[in-house]
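Quick notes on the structure that follows.
We call the chains A, B, C and D, going by the order they appear; numbering starts again at 1 in every chain.
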Amino acid sequence: SEDVAEFALRIGDDGLILAQRLGHWISRAPELEEDIALGNIALDQLGHARSFLTYAGAAWGKSEDDLAYFRREHEFRSAHLFEQPNGDFAVTIARQFIVSFYQYELYSKLMESTDATIAAISAKAVKEVDYHRDHSAQWVLRLAGGTDESRARIIQGFKLVWPYVDELFEDDQLTTRLAGAGVTVQPSSLRAEFDRLTGNIMAEAELEIPGVPQSLGGGRRGKHSEFLGYILAEMQVLAREHPGASW
Amino acid sequence: AAGQAYFDRIISEDSRIEPRDWMPAAYRKTLLRQISQHAHSEIIGMQPEANWITRAPSLKRKSILMAKVQDEAGHGLYLYSAAETLGQSRDQMMEDLIAGKARYSSIFNYPTISWADMGAIGWLVDGAAICNQVPLCRASYGPYGRAMVRICKEESFHQRQGFEILLELSNGTPAQKQMAQDAVNRWYAPSLMMFGPPDDDSPNSKQSMAWNIKRFSNDELRSRFVGMMVEQVRVLGLTLPDKDIRFNEETKKWEHGPLDWNEFKEVLAGRGPCNSQRVERRREAHENGAWVREAAVAYARKQAQKENAA
Amino acid sequence: AAGQAYFDRIISEDSRIEPRDWMPAAYRKTLLRQISQHAHSEIIGMQPEANWITRAPSLKRKSILMAKVQDEAGHGLYLYSAAETLGQSRDQMMEDLIAGKARYSSIFNYPTISWADMGAIGWLVDGAAICNQVPLCRASYGPYGRAMVRICKEESFHQRQGFEILLELSNGTPAQKQMAQDAVNRWYAPSLMMFGPPDDDSPNSKQSMAWNIKRFSNDELRSRFVGMMVEQVRVLGLTLPDKDIRFNEETKKWEHGPLDWNEFKEVLAGRGPCNSQRVERRREAHENGAWVREAAVAYARKQAQKENAA
Amino acid sequence: SEDVAEFALRIGDDGLILAQRLGHWISRAPELEEDIALGNIALDQLGHARSFLTYAGAAWGKSEDDLAYFRREHEFRSAHLFEQPNGDFAVTIARQFIVSFYQYELYSKLMESTDATIAAISAKAVKEVDYHRDHSAQWVLRLAGGTDESRARIIQGFKLVWPYVDELFEDDQLTTRLAGAGVTVQPSSLRAEFDRLTGNIMAEAELEIPGVPQSLGGGRRGKHSEFLGYILAEMQVLAREHPGASW
């Protein structure tokens, strides 16, 4: 249905935009092992995005590439967190930490979706995201407990990305309708477990939840930050130069 | 003396030298240079391809490209590990690379200026690499040979992906086909030069062959490669930018036109379009990552202390 | 006491207070807060427009936009200088801004998401700024008033440029016209809120008016602004997203529909879409530039020593 | 003539690409005075570029915007130096130092061009570039003679941009024909004075000319580094989304 497609678009766009960000790290990471690890996470995110976009597109007669390359900024449905710049490695880790714990809760619930396709994609995704959780949590502990510099950086990293947490857990009319139909759950219902699990790691790392105001968001309604335009300009440039071509 | 005798026997039996075995200093040095150079090539070689990850024109291609560049990081790791068994640390090799003291395959000093370069690199550059590397799977030094086995498997996968990119472009719009032909035109000669200078200008080859590191001469490998490409380019519906290619019925070998060894030397001497950029990017990544590596070490040390105390 | 008498006389004569004159602590504090906030707004206000410099759709527009953003840096400088005459250093003000302790105009916490925003900012945001600032040219504090004179001249130039951008878009393709209307829709309400809270919710206004800093109330200025915009939007061939706008024949004033003061407060409290990004960018620029500023100081010191020695 | 247009295109592209690079500094400079100074230089470069591109375009029935926004990478004629990344402030200053001393020599000679338009544009440009020379030279002295860090950074900055010096002074068939006609001089003839003047400042700053190999170049033949594609993707994205529109 249109609702399910719109919902799949949101999750797909999250993964697509994050994969685009993470892809920039490959060949620039702090060590080769991280080129590989961040590359893996990017590949997983892109893989999930492709599944969800393909499913969303099916409802509108569009392919994953139609959706990725030929929509404009206000037609993207990703939340603001996913388009935040990579910053240094600490910012990337802080962003990934939040993303992975959020996605794990989401996909865990979507495995039981009444929509068989969403359930199937999520069942596969949740296993991969479990690894992402572990990867980012380990780095949060290492950076927080490493050197003075790394501790200062991870604190600053969390400060920068934390304003975009609330948006992930916002309910709206679409999620309300879909939750009613058992396709998904209300995002707000994922928050407690997210808080508990991230809180455990933060506590172990002796980090505090940053006391920064939450941004108003709006990504699910196509209202984005100034970053998305640049991301799309780069991502879409070649495909748009050759409309209709196949690759 | 016992060591030398054992070494000579192993080589003459075409068997394998392992890290703990005695080996001549020159053998160690030659291998170290070759393996580290090979490792550096994998790492620097990530850059020209990473250059198109964010702009790949379809999600499928983006995914394949990401996986490929990531594989190259993996190859670098295998090879650095193999080099470490000869007594040099990865850190030291990285420092040498950043300081501009270490070599890597000169072909990565050319820019990737179109998407079709992803195809041409896969088809030609990885193709040449495979021709070079398949015989290295039997190299007399065990860790090197075993690393090459793993690498070759993945490389042939990469070559096929490159071929597919070009095939799709060649069957695409006129602009796409031209993009493909242009990329083949630019990468053809550099890929032939990847096999190294002509045999009569390659003084070290003989010793490497005597030690069972190298198995075929540069020209021999180059000729084989040309033969393979001649066949495949027909399937692609493209042409090789070399009107002198011919099969010599007498020698039963493929011959190619003259190569601009002058440019090759210029690029080797650091005058390629991207030399400075490639090393700088590596330097930047390494220096920007220093605090992360230090943090990981510090954390591990603290954890170990805690466990000891407990 | 003599100071207070002099101060009171100057104010009652509507004359000017100068930096060396005695002034009440509260007057100094109010001015310092207002001027530094104004300076910060110029500096932070560079960002939403700088966001389109590299993507401006014609070279002429790129050139005009660059010049405009550069002018804003100049305005910031005038204003920081004026604030410095009240006894606070530019460095200190910058530190406060970066630490999130200082305010700037809340409107710059909205993103510029299309080229038309360059038009809407020029027309609406600079337009509102001018309405606010023209009376400030007569502010009782001399350095502030004089800075405002220079600034207002350039601002009205900027406003016309913004108007021209929108006019061109409005007369352009349907997509361009829609881009323009969308931008006006997004910037209209925030620009009205630039005048500050309604009079009955603006406790400090009265004192500022008594000191001849402020000349008109927030609502008075807002109403004038609405009147101007109503006229100009017709020329643009666009509409204002406010169906309640009307001219009140009794009061002879323009009235507008209800404004979402709740959102205003949210953004003021740091919950705007770009608050974090704006301060972070400033922090980054400031911190990345620290070594440059230190170098300039060190060099100047060494040069002075040389001259003294000579 | 076609030759003159091609020549104007080269100079115009140099300025355009550099202005694009410099424009990024505005709102990000080390101090407000430098936001203004770098902005001024960017504006001047863009101004010169517009004059030269307008003149080049006249020969082909194209506007400055046609040339700026609707050419592809291999059709640009800028030298590699101009597309080098901003790096830190030291890299930008090192790049600007080379550019300004090169452009000063070039425009000084072009003032006497037999082509009246080129002579007129250059006469105006040379005065502005004289200021750019002074600005960058002062900063070279300050950074070299400031702190240990600033000295290390300016040395590294020069090391990064110096490989692209030779290309500026390369003669080719076009310059040979145009030098014969008195439209321009051979670029190689500008080198001695460039070396002398930059050498003086470098000596005063106690800096050595970096002993780095010169890159092969090729910008004048449309062979660019990997940077240009990204620059154009960003610069052209909006104009290309609305072909034929006026702004």
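In this text, a contact is a pair of C-beta atoms (placed from the backbone, for glycine too) under 8 Å apart; a residue touches a chain by one contact, two chains touch by 3 or more.
Just so you know, these numbers come straight off a predicted model, no measurement behind them.
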{"item": "Each chain counted as touching subunit A and subunit B at once", "value": "D"}
{"item": "Pair exhibiting more inter-chain C-beta contacts, C-D or A-C", "value": "C-D"}
{"item": "Separation of subunit A from subunit C, taking each centre as the mean of its C-alpha atoms, in whole Å", "value": "36"}
{"item": "Chain centre separation (subunit A, subunit D; CA means) in Å", "value": "41"}
{"item": "Centroid spacing, where centroids are CA-atom means, of subunit B and subunit C in whole angstrom", "value": "57"}
{"item": "Subunit C, residues touching no fewer than two other chains", "value": "55"}
{"item": "Shared interface positions of subunit A, touching two or more other chains", "value": "229, 233-234, 237"}
{"item": "Arrangement of touching chains [line / ring / star / complete / other]", "value": "other"}
{"item": "Which chain pairs touch, all of them", "value": "A-B, A-C, A-D, B-D, C-D"}
{"item": "Residues of subunit A that touch subunit B when the two form their complex", "value": "16, 19-20, 23-24, 26-36, 39-40, 42-43, 46-47, 49-50, 53, 64-65, 68-69, 88-89, 141-143, 145-147, 149-150, 153, 234-235, 237-239, 242, 244-247"}
{"item": "Subunit B residues within the subunit A interface of the complex", "value": "43, 46-47, 50, 53-63, 66-67, 69-70, 73-74, 76-77, 80, 115, 165, 168-169, 172-173, 175-176, 281, 284-285, 288-299, 302"}
{"item": "Contact set on subunit B toward subunit D in their complex", "value": "48, 51, 55, 111-113, 263, 266-267, 269-277, 280"}
{"item": "Contact footprint of subunit A on subunit D as seen in their complex", "value": "230, 233-234, 237, 240"}
{"item": "Complex contacts: residues of subunit D adjacent to subunit B", "value": "73-74, 80, 160, 163, 212-218, 223-226, 229, 233"}
